[in-house]
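Chains here go by letter, A, B, C and D, matching the order in which they are written, and residues are numbered from 1 within each.
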Amino acid sequence: MTRFLKIIVKEVINTFLLVIGVSALLFLLFNMMPGEFLGKGEGVRSFLLLLKRLFTLHFGVSIVSGIDINSIVFPAFKNTLILTVGALFISLLLAVPIGIFSAFRGFKTYSWPLSMLSYIVSSIPVFYFGYLVLYLVSRYTGYLPIYYVQSSGKGSRVLAYMLPILVLGLGNNSICEIVRLITTELDRVISTDYVADSRARGESILASAAGEGILIPLVSIVFSKVPFIIGGAVIVEQVFNWPGMGRLAYQSTLDRDMPVLIVIAFLSVLMVRVGMIARNILLFHLNPREA
Amino acid sequence: MKRFYYEEEQVDVEEFHVPIYRRASVRDVVSIGFGLFVVAYLFIFYFISITNTFIQNPMDVHIGQMFQRPSFEHLFGTDFLGRDIFSRIVKGTEAFFVPGLLSIVISTSFGLLFGIVTGFYPKILSRIIFYFLNVIDSIPRLILILIIIVLFRPSIYLIMVFAGITSIPKVTVYIQSKVEILKNQRFIEAGKALGLSPGSIILKHIVWLSAKSVLIIHATLGMGEAVLIETSLSYLGFGVQEPDPSWGNMVAMGIDFFFQGRLWLSTIPAVVILTTIMGLYLLGDGLNSIYNEKVSR
Amino acid sequence: MKESEGTCADCLQGLNLTKYFYGKGRRIEACNDVSISIFRKKTVGLVGESGCGKTTVGRLLLRLINADSGEILYKDINLSAISEKDIRPLRKNFQMIFQDSKSAFNPRMRVFDALRESIRLYEEMKARELRDRVTAIISRVNLSRGTLQNFIGNLSGGELKRLDIARALTIHPEYLIADEPLTLLDISIQGQIAQLLMEVQETESTGILFISHDLRMVEMLSDTVAVMYRGKIIERAPKKDITGRPLHPYTRHLWNPRSSLFFIGFREGGCVYKNRCFLFQKKEFPPICSEKQPDLLEHRKGHYAACHFAGE
Amino acid sequence: MPLIASLGGLKVYFYDQKDKRFIRAVEDASLSIDEGSVLGLVGESGCGKTVTALSMMGLVDSEPGIVGGEFYFRPKGDDRRSVIHAILRGFRESRNYRRGELVNLFYGLENFIEFRHNPFTMIKDNEKWLRRHNRIMEYIRGRNISMIFQNPLRSLNPFTPVGAQLMKTIGRFNHEKDENEIFEMAMGLLRSTLLYNPESIMKMYPGSLSLGMAQRVIIAIALASNPTLLIADEPTSGLDTTNRYRIIDLLETIIDKMNLTLVLISHNIHIVGLIATNVAVMYAGIIVESGGKRDVLGKKHGPKHPYTRALVSSMPTDSDIKRGKRLRVIQGTVPDNKIAIRGCPFIDRCQYAKGKIRRRCREKCPDPVEVGKNHLIRCYLYY
């Protein structure tokens, strides 16, 4: 058990250092900006001030637009979190079966169209895909499932939640990458000796190959896709008018509101790092020989 | 009963020899063929838009001919201002082609450099390099680009420089794992025993023979990402502004007419984006399976 | 008297080589105080269980890894003293054949490029002459001409081993260190490769260090045999003596391995082999064995053994 | 001694999509294994001995796989849901099967295959046959036949501790036992394979085992389901001399203690000669000679197949070394298994294929001829 704790401690320290590094990078960019914004202050003192505000999580008021950052960022963070986790779940739900199916079936009659479909779906540009889905849904069900549109019927409320998650999960080429990784890893593991050996003892192929073939690649790729999914969220939130961090970032980019952007970057880095910690812990659990 | 049919080629025994070149499987041929087709039309479009030899000028407006069906004269029909969609798509490649190449060059060269350095000198130096790479890696790419847009109001070139920088960690990890595997292979030691200088071992064996495949695959995937970034940005309105065409903002403009039932205005650029990205990914995938296949046989 | 190798003009000599590896928090003595020398036209067999450090000795002689102490003499140049850059031209004279030939070549290269690379390193020659040279060498190790264009990844085990020898032949080395060349091959191919090595020794008059744990092949091929146990050479003698009248108990055990094996327990210090030595038990654990590490003394003409009770 | 298994005319082909050619892994292998005996299967690499073992275990699933022959085997049939019912369900017709009789595990193979000539074509409905064959073999694998693979370190799942894998296999074959009973059986098995500290080994991961230890663990796992037939594929190839002989002693004690039948596959005649009761020599997919150990590997000048004679003479014995005789080497290489060989595969490496006999050798591969008491040789020398 001690090794487990050691890993967690190591990861937390690593995250702490990285977050400081990120805020230093943001601060540097902030200073390089052409100087017509106030509140830049000079050198290290203002950097420490920025760090204090970031780490104590109350970000004060944005100098540029005068809105209280805390009140708008946290609900947005909650929504983006839902969107990201949902999208991850959806792409897993679809990619893993296709991956296993095409690994076992190999390149025969059935598996070819399926993996081609996953390629096509994940190559559709996310913004078009969003509108397409919106158009189709509104033509057939009659409501326009935009988050704030008070259209009639309970259904649109649920749909308004589900659609952006579905679109972000399917698009943003996460599915085709997971399918390709699982297919190659599973192929490699199935041809190893220890799977043949366990088959000789009567275990099924999937049971003996699942450990290294599916679980480990899955864990390592899913959590490393978090930054890409947050990136994709910026666009999906814009399409579906979903009140997340992405849309907030888009708004503050339009009216040049740098402090809000820094806070958003800080929170998304936190999300990514939490994902990384979970990934390393799970990987250690699955593959204890490493440490 | 006729499900599996195996037929043996007639060949006379003497001259039969194992074919040295490896015939790629059907799947590789299809994906590489489609990929090359995509790369070809990208180059052609770019060449046309540079030399400005358009049949229909993408910029001039014909109020009379709005929303025309695809006809011989306008291959993809005309948009809401009567401008020819096909030539606008051709001009749209100009927006991401050179910046894309720029981002690939940056990410590949620095990735290769850092990959080899961390691969061969694992101790402190690689820990520092990996720290900085992790810093860059943990910021979502699009948010970093938004920040840069706010700070510098950049052109697409600077955006692509930063896009290149953000994909350096991916290449570094690729190269480092390759170096890690090759380092304890015997032929590095054999090279040293033969008397090859360490520099030539690294350059010839690792970079040229083994890492070349990884870099080419990354280049195709990198170009695909560059297309995605440019189109998303111009959809959000930060990339290429309205009169000049970019696939992203063509889709954005088409959305307004989407719900009036005129779908094809934004569908055509979206389909072009789709084929480009898919083509580049399939090219990378096909090359990947051919290069690895040759070693593993 | 401490056995001294006696420096001679044309031989590759390693004197008192010691090398430590640091793994899992403790220091492993790969080889300590090992001296061995290879003579032109002669084969020296190095035998020992796996993990006794015989591969490390091979690498030390070629200076692929640097010894912690001891020197390597080659034509009165102390190889361990000179820098990496100066040794590179000298590497032409001593080459290595690897146990696992599959990873001794870059699988992406073609056979022709592999050989051209080693030739062009030391001689400048035009393309035509180069091609004749390569085809000559290829036919000498009886590989078919067709394999020249083939990728190394497609070759079989036997062919790869021949290519390894061909690569060494391209630069006519004076000494050849064969690190377990035959273990991964089939019996009939083992015979052919052994025959090829003997041919090479005759024509090129190269000295071969034949490292292996397969006693039969070592006896067949080598002129003098050195037996190694846990990093120390415990016996060295011409072939007839070592098969006929082995002095060291471990060599006797090696020659008929079915003999019963026992393990007295783990006591450090003194002779390395005492924990498994039947002499040590038969003579009721003599104290000298557990204190003093026996030196390699010359008990008979050219027959050295490191045991206090050698020959009983 | 009664037969426990007999393989008749096994033919295993693989199909290379790229060159559109058949890889003839096993051309015609027939073996008969007596109860409690040790059959040594000797041959160079690439002669198809591993594929023969895999087809006995039913693990050949790359297409088209097993295309000919029959494999008669006497299943244990002692447990409640006995093996027989499973096999019967597979055959539907053979209701009159009595317990303890030999059963053909490749039953009904011929009505899934159709051969045509010039060009040589084969139509095999692999899916149906494989599905049914797997259903039958799932009962046979582990319960009746178990197999040890070549590289011990690679045949253990690197992500689960050794003990867990052992107990899982034990648990699979005796459901009624509870947790610590299985733990006891596992410890007993590990001790029976001469491992000194079973407790610590149970917790270790395969990565940190030495080669010798890993091989013993593999043997323990193979014996967990107390099979009647154990197939060991090159158990000693990865080890060095002292370890090698210890593993051979271990196998010998296990065969006596658990009255097991062993099929020992190796390319090293010396090792097989130590414990085998009868020996089969395989070359290019064909069993060229099979019989008692003394006849096949014994006296040099008895009737022998040219290939066996060359193999035996190429292994230097102590007397050769003392007299310093030069090494006798078989020239040439194994024929490429992509080309169909009409005559005897050993023809261009055989010193006896001269003059009149050579014509017969080239036309047709000789059928096995009975030379001594169940000593079969496939060579025209003894017609």
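Just so we're on the same page, contacts are C-beta pairs under 8 Å (C-beta built on N, C-alpha and C of every residue); 3 or more make two chains touch, one makes a residue touch a chain.
Note that the structure is a prediction, hence the values are computed from the model and not measured.
> Enumerate, in label order, the chains that touch chain B and chain C alike.
Touches both chain B and chain C: D.
> Name the two chains that are joined by the greatest number of C-beta pairs in contact.
A-B
> Averaging each chain's C-alpha atoms to get its centre, pick out the one most distant from chain A.
Following the centroid criterion, the farthest chain would be C.
> Between chain A and chain D, what distance separates the C-alpha centroids? Give it in angstrom.
51
> Counting only Cα atoms for the centres, state how far chain C is from chain D in Å.
From the centre of chain C to the centre of chain D is 35 Å.
> Quick check: how many Å separate the C-alpha centres of chain A and chain C?
55
> Every pair of chains that touch: which are they?
All touching pairs, sorted by chain label, are A-B, A-D, B-C, B-D, C-D.
> Quick one: which bits of chain C touch chain D in the complex? Just the residue numbers, please.
Touch list, chain C to chain D: 49-50, 156-158, 186-189, 191-192, 194-195, 213-217, 219-220, 243-244, 254, 257-258, 261.
> Show which residues of chain A lie in contact with chain D when the two form their complex.
Touch residues, chain A against chain D: 192-194, 196-203, 208, 211-212, 216, 286-289.
> Touching residues of chain B toward chain D in the complex: what are they?
My answer: residues 1-11, 13, 16, 18-19, 22-23, 25.
> Quick one: in the complex, what on chain D touches chain A?
Residues 57, 59, 138, 141-143, 146-147, 149-151, 154-160, 165, 169, 172, 205, 207, 218, 221-222, 224-225 of chain D touch chain A in their complex.
> Which stretch or stretches of chain D touch chain B in the complex?
The touching residues are 15, 17-22, 63-64, 112, 114, 118-127, 336, 338-339.
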